[in-house]
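Alright, structures below, take your time with them.
Shared between the two complexes below is subunit A, which pairs with subunit B and subunit C, respectively.
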Partner chain A sequence: MMRAAPSPEEARRHNLGTLLRHIHLRGAASRAELAEGMGLNRSTIMALTGELTAAGVVREELPREVRRRAGRPSLVVRPESTRVYVLAFDIGVDRLVAARVGLGGVILERRESARPRGPFDPDEVVGALASFTRQLVRRADRDAVCVGAGAAFSGIVRSADGMLRYGPNLGATDVSLGDALSRRLGLGVSVAIGNDANLGALAEHRRGVGVGCNDLIYLHGDVGIGGGIIVGGRLLGGADGYGGEVGHMVVNPGGRRCGCGSRGCLEAEVGEDALLARAGQVAAGRIGRDAVRAVVDAADRGDAVARDALCRTGDWLGLGVANLVNIFNPAMVVFGGTLRDIYLGSAAQVRSRLATHGLAAPRERVKLRTAELGDDTTLIGAAELAFSEVLNDPLEVLGRLRAASSGT
Partner chain B sequence: MSVTPVLDLRGVGKSFGPVQVLHDVALSAYAGEVTALVGDNGAGKSTLVKCLGGVWPMDRGEYLFEGRPVRVGSPREAAELGIEIVHQDLALCENLDIVQNMFLGREWRNGLVLDEAAMEELAIRALTGLSVRTIKSVRQPVSGLSGGQRQSVAIARAMLWDAKVVVLDEPTAALGVAQTQQVLEVVRRLADKGRAVVLISHNMNDVFAVADRICALYLGRTVAQVKASEVTYSQVVELITSGRMDGLDGSGAVAGRNGTGRLREAGRG
Partner chain C sequence: MMRAAPSPEEARRHNLGTLLRHIHLRGAASRAELAEGMGLNRSTIMALTGELTAAGVVREELPREVRRRAGRPSLVVRPESTRVYVLAFDIGVDRLVAARVGLGGVILERRESARPRGPFDPDEVVGALASFTRQLVRRADRDAVCVGAGAAFSGIVRSADGMLRYGPNLGATDVSLGDALSRRLGLGVSVAIGNDANLGALAEHRRGVGVGCNDLIYLHGDVGIGGGIIVGGRLLGGADGYGGEVGHMVVNPGGRRCGCGSRGCLEAEVGEDALLARAGQVAAGRIGRDAVRAVVDAADRGDAVARDALCRTGDWLGLGVANLVNIFNPAMVVFGGTLRDIYLGSAAQVRSRLATHGLAAPRERVKLRTAELGDDTTLIGAAELAFSEVLNDPLEVLGRLRAASSGT
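The block that comes next holds the complex of A and B.
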C-alpha cells in the first residue's frame, strides 16, 4: 500500500523534533546555522524556533561573542537546559547514580551511592533511586519540567517492555524494574530501561568520541564486560534487544568459569575477577573499580605480578577485539568504564593481538579509542534514552506534562 | 591512495664535530595521525627533534613541509610554518597563570591594552577542545598545577596556535598512571582534531595506546616506518634493540636504504 505524503502537520512535527534534536546534540546554534544544517529556509526556522520558544524548550538571544563582521547578527538558539530536564539512572554492580540532566545533555545535579555486593533487591534499588529523585526534583527550578526518565542497567534487558531478564553480576532475573520505578516516582513519566553498554555506545556515538562515526563498538567494563554495537548509525538490538553481549563471546574454551555458567567468556578472562585474581588481589578482599585501577597503577610502578596480570588480561581483550573487528568491521572501538584503564595500561598487548588475529582489511583503519565521557558514559546514555520521547514530538509531550502538572 | 605527509624528512644527517649522530633518518608525519618516534637512548631522537624544530641545522637531507621543500633555520621559522614543539621541560612560567602562559610572547592586544577577555576565552576553548576537565580555572598560576595538568596546558598552547605539526617529547615521563592516561587521551584528541602529532616515547604501551604509525630509530638511522596496526609489541622492541625486524612479510616495513631514507611503508594511505 502506498503511503500518502506527510501532512503539513506531520512535517511540522518532524521539523520541530529535528530542530530540537540538533540543539540538544550540537548545542546552541544560530538560526543561520540551523537553516543550513536542516536544509530549510530561514523563515521556516524562525517559525519553528518561535514555537519551541513559546513552549519553553529553547530561548533565542544575541550571540555572546563580539563579532567583527558587519551586519545584524543572527540570533542564537539555546537549549533551556535548566527548565527542561530528564532523570537519568545508572544501576551498576557497585553503584547507584541518579542525575538530573538538562536538555543539551548537561548534568545539572547528581546523587550517588555505593551498592554493596550481594543479591539484587529490586525494592531496595527502587527505594534508593526514588529517594534520590525526590531530592533532585525538589531542587529543580519551579517552572522546570521533567520530560522523561531512563535507566542504564548492567544486565540483559528486553527491549519490548524493559524487563530485566538477567544480570549475572547483580543476581537479578526477570524483574520489571521500569514499571516499579515509574509508579514509585509518580512524575507522570515512564522510566525506560536499557543495557548499560548499549546506552554507553549511544552516548559516545552522540556526544563522545564517536560523534560522526556510524559504525562503532563500545566495550564497557564494570564487573563484567558489556558491549554496544552501532551499525550504520543504529544500535544493533537483535530480535529481542539482547544483542551486543560481547562479554559472553567465548575466547578461551575451557578457560575461567564465567558468572553465566559457561567457561572462557571474554568477561571471564577480562572482567574484574580475572584481573584481580591474576594480580593476587582476591585473597586481599579488594574489589570494584578502585581495585582494578590499583592494579593498573601498580603495574605502571613496576610491580611484576600486577604487570603480568594486566598483560595477560590485555592479551585476552585483544583477542576479543580482533574477533569483533573481523565480524563487524567497525570504524572505531571505544573502551569505557574500567576497560579504559585496562586498555591504556595494556595497549601494547591489545594491539599486538589485533595485529596478529585481526584480518588485515578490517583492522587497517579501525580506531581504538577511550570513552570521552569518562565514568558518566552510561549515565549520559540513560539520559539520551530518556530524551527520546520529547525529541520525537516536543510540543505534544510538553503539552501533556504541563497539563498534568497544572491539573494537580 | 597516497596522502602527502605534512612533515616529511628524508636522508637527514647531522654531525657534531667528529661524531655523526644522524646518518640516514627519515620521518613522515600525517595530519590526523600520531606518529611515534621510538628508539633507544642515543638513537638520535632528540637530535632529530632539534633539527626539525630549527634549533640545529641539518648537514644533509630533505625537509618537506606539506610537500614543499623548506629551510628551517630557527625555532621561529618552524613556528611560522606551523610546527610546535612541546619540550620535556614544557617551558611554562611557574609564576604566570594559564592564560598568560598560553599567550606568552604572542599576547593579543586591543589598542594599547591586552585583550584579556578574548585571550581567556580562547584559552578555555583550547582546553575544553581537548576535553581537559580537571583544570578548574585558567587564571590560576601554573605553579599550582600537577604534572599532567601542565602537560595538558603545554599541549593546549600548541593547539591554540593552530599548529599543523605538534611534536611531544616524552610527555608522560615522570607522570603517575592517572595523569599519563589523561595526557595520552589529550594527545589522541589533538591528532583526531586534524593535527599531525609526533610522539617521542620510551614507553611501548603509551606508543601502542595512541600511535597510528611508528618510526623506529637505531644508531642514527631510521630502520622502519610502519603502521602501528601492522606490528606487534615484540617486533617493535626488536627494532629498537637490534635495528631489525623478523616475521614481517613484504607488505611490512623495510629498513631505510640509499641516502634518501625513502622507505617502503606498510599499507600506506
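The block that comes next holds the complex of A and C.
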C-alpha cells in the first residue's frame, strides 16, 4: 500500500517484463511499435530488446515486407517459441493432458490419455504426467530451455502452496500435488497449480474471445461447473485462491443433491449428471462429455426428451448467469467445456432467464460468448500460469537462459 | 497493459500521492516512519513532506513525547484536517445527510434531514443538499479549501458519468444528479457519485472493521439490500460500475416478489419489507429502519412472532452469504445499515446456513463482522470517494491550495 515509485533497477525489470509480455501475448512487433506502445524512446527499446535477444528469448529480424519508405526499416521482434517453453498439464476428471508450450503460447507438442473415473490417486497422476514429460522433453530442440510448469486441476486449489483442497473423487486428505510433481519431473522448475476454470478464464482473457475485455466471467462445464472471474483485468482469487466457485451458488433451495453436500447448487442443476439424468441417460450408464454432447445433438435433431432436458438445464444456467451478471456487471460471459455445447443448445432459455432476472443496467451491454480455445482452454491457461512467473521476474529467467547457452 | 515504468515526474506524483494517502488513512506519522515504510531515504521524504507542508496540506511538528535518544527527533507529519476538506453527501431512501469531512477522515460538521418516501425528485434533493452545503461552507475556517465532493446514492450509478440508472422510487428516466449538484454548489469541484453499498465497503475497508483486509464483502441493509465488494484491495466496479448488486441474486426462485420485477431476490427475502411483513408490521403501517430495529428488539425480548420473522430472514441471509463466500472466498463479510441489527439478531441462522451451503475451503477462515462506522459508513465512503480523486492527482490539488493561500 505504501509502495514508493520503482527504483531504476526495478524500472528496468518492469520494462523487460512488459516488453516480453507484449511479445508473448500479441506476437511479433517492430521496435517502433514497441517504442510507441510503451511510450519509450527507440534507444531505450533497443537496449531492452538487445538484452532479450542476447539471452535468446526473442530474435530480431528485418520485416518480411519492407515498405518503400525513407530510412531504415524498424526491426521486428519475435518470440523464440521453440527455444523457450513451459510444460502445461491438464488434470481433468476424465483425462490427463501434458504439453510443451512455447513462448508466444504455441502448443509445440502434446500427449493425452483417458482416465477412468474413480478415487483420485496422486501417485498415479504424477507418474503418468512424468512419463509424458520425459517424452516431451526428449523431443525438444537441444538448446531449448524449460522455464516453468503449470497444471490445471478440476477442483479447489490453495494459492499459497498449491494444495488440492477439494475436488470430484478427491479423498478427504489434502494433497500437495505440485510439490510431488515438481520433485518427480526433476527439471529444476516448480509446478504451479491452479483451478481449471480459473485458468480457463485466464486463457480466454489473454488469448481467446476475451482479449481486451477486463471484466469477464468464464463458466466451465466438466462433470461439475467451475468458474473463473476476471475483475478489472485480474483473476479473482479471493483470500486463499478459492474464489470463483460459482458452481456451488445455490440457485434452487431444496433442489437436486450436490456432490458438495448441499442442495440446488448451480452444479447440481446444470452439471453433467443433471442433464444426463433429465435426458434418461444415467440409467443407461452413459456419462462423460461425449454423452453430454450426444444429448445436445439429439435435441438438435428434434428428440423431445433431449430437448426438454436441455431446456430445463438452460433455464437454471440462465438463472445462474443472471445472478452473476447482477453481482459482477461483466462485459462478457464465456461458456467453455461442456457448457459450450449446453449453452449453444439452450441459448434461448439462457437469454430469457437473463432478461427476467438480470437488472437492466448490468445486462444491457453484456455479451454471451463461447470459449474460443475449445478443449485446450484449461491447458493453455496452465501454460499462462507458468509463463506468468517468468514474466513477473524476467531477470531471473534471463540469467538461467544465458547460463544454458554458455553450457552448450 | 503495455505501460512502461514511470518517468521521474510520474514517480514524484506517485510518491506525493502515496505519502498523502498514508497520512490521510493512518494519521500522523514521523518522517522516519514514512521513510522506512516507503523505502525512501530521509532527504527524499523531507523534500516530499516539505512540498506538502508548503501547500498547507500537512504540518510538521516536533513529536509530543521526545524520547531521550541521541540525535534530533524525527518531525511528525500531521494532516491539516480543518484546512483541507471535502463535502460528503448521503442520499438515502429515508434521509439526506451532508457533511464537511477533513483530510484524515474527520467529520468536521454535518447536517441531516428526514425524507418522506415518494417519487425521487432530483431538484428537491439538489436544493436540499445545496442549502446544507451553504451552511457548512459558511462555518468553515477562512483559509479552508474544499478540494472535492462525493455522494452516496441508494441505487445503481454509472461510473463513467455518475448517471443514476436505477433506484427505489427513481422514475424511469436516467438522472444526471452529479452534474446538477456540481453546478448548483458552484464551488468549482465536481461531485462524484457512487452506490451507497460500494462506498460503505470502501469506508469499512479504509477506516472500519476491514482495515488491512483486501478481500471483503460489505452487505448494506436499507429498504433494499446492497453490496460492495473489495477484491484484491480494490472495489469491484465491473464493466460500467454497476458491480456488487448482490441484493438481486435470486436465492428463492418463485419466492417473494422483488421491486426489480424478479422474484426471490436476496433483497426480496431479506430486505425491510420481508422482515416487517413476516413480523406483521407492514399491515400496521410501520416502515423504515426504526421499525426494523423494533422487530429485532422485540425478538430479543422474546416476542415469538418477531423471533420467527427474524429467524426466517436470517436463514435467507445465511444462504446469500454462503453463495457469496463460495463465489468470492472473502476474508470477511461485513453487515451494515439495518443488516447490522438483523445479523446480530439472527447470527445463529446465518452461521448455520453458511455451514450447510458454504464449501469447507472458502468458509474455514471467513470472518463475519458488523460495520464499525455505524450509520456513517456510507457518508464516510462518499468522503473517501472525493478524497480518492485528490490522492490520485495530488499535484493538481497542491497547485489549487497554493493559489488559495496566495489569494488570502
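Note that the second predicted complex is superposed on the first by the 380 of 408 C-alpha atoms of A that agree within 3 Å, B and C clash if a C-alpha of one lies under 4 Å from a C-alpha of the other, contacts with A are read in each partner's own complex, and residues count from 1 in each chain.
Definition applied: a contact is a pair of C-beta atoms (placed from the backbone, for glycine too) under 8 Å apart; a residue touches a chain by one contact, two chains touch by 3 or more.
Quantities reported herein were computed from a predicted structural model and do not represent experimental measurements.
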First (subunit B), second (subunit C), both or neither: which does A:Gly345 touch? first
Please work out whether A:Gly127 is in contact with subunit B alone, subunit C alone, both, or neither, and reply first, second, both or neither. neither
Figure out whether A:Gly27 sits in contact with subunit B (first) or subunit C (second), or with both, or with neither. neither
Subunit B or subunit C: which reaches more residues on subunit A? C
Just checking: does A:Asp215 make contact with subunit B only, subunit C only, both, or neither of them? Give me first, second, both or neither. second
Using the touch definition from the top, say if A:Asp300 reaches subunit B (first), subunit C (second), both or neither. first
With both complexes superposed on chain A, which partner does A:Gly241 reach: first (subunit B), second (subunit C), both or neither? second
Which of the two partners, first being subunit B and second being subunit C, lies in contact with A:Gly188: first, second, both, or neither? neither
Given the touch rule stated above, what does A:Gly56 touch, subunit B (first), subunit C (second), both, or neither? neither
Looking at A:Thr356, would you say it contacts subunit B, subunit C, both, or neither? Reply first, second, both or neither. both
Interface residues of subunit A shared by subunit B and subunit C, listed 356, 360, 366
Contact footprint of subunit A on subunit C as seen in their complex: 1-6, 10-12, 14-15, 18, 21-22, 37-40, 156, 158, 165-166, 214-215, 227, 229, 231-234, 236-246, 248-253, 260-262, 319, 322-324, 326-331, 356-357, 359-362, 365-366
Of all residues in subunit B, those that touch subunit A in their complex: 121, 131, 133, 176-178, 180-181, 184-185, 188, 192, 204-210, 227-234, 267
Subunit B contact footprint on subunit A (complex, rising order): 65, 209, 293, 296-297, 300-301, 340-341, 343-352, 354-356, 358, 360, 363-364, 366, 369-370, 372, 374
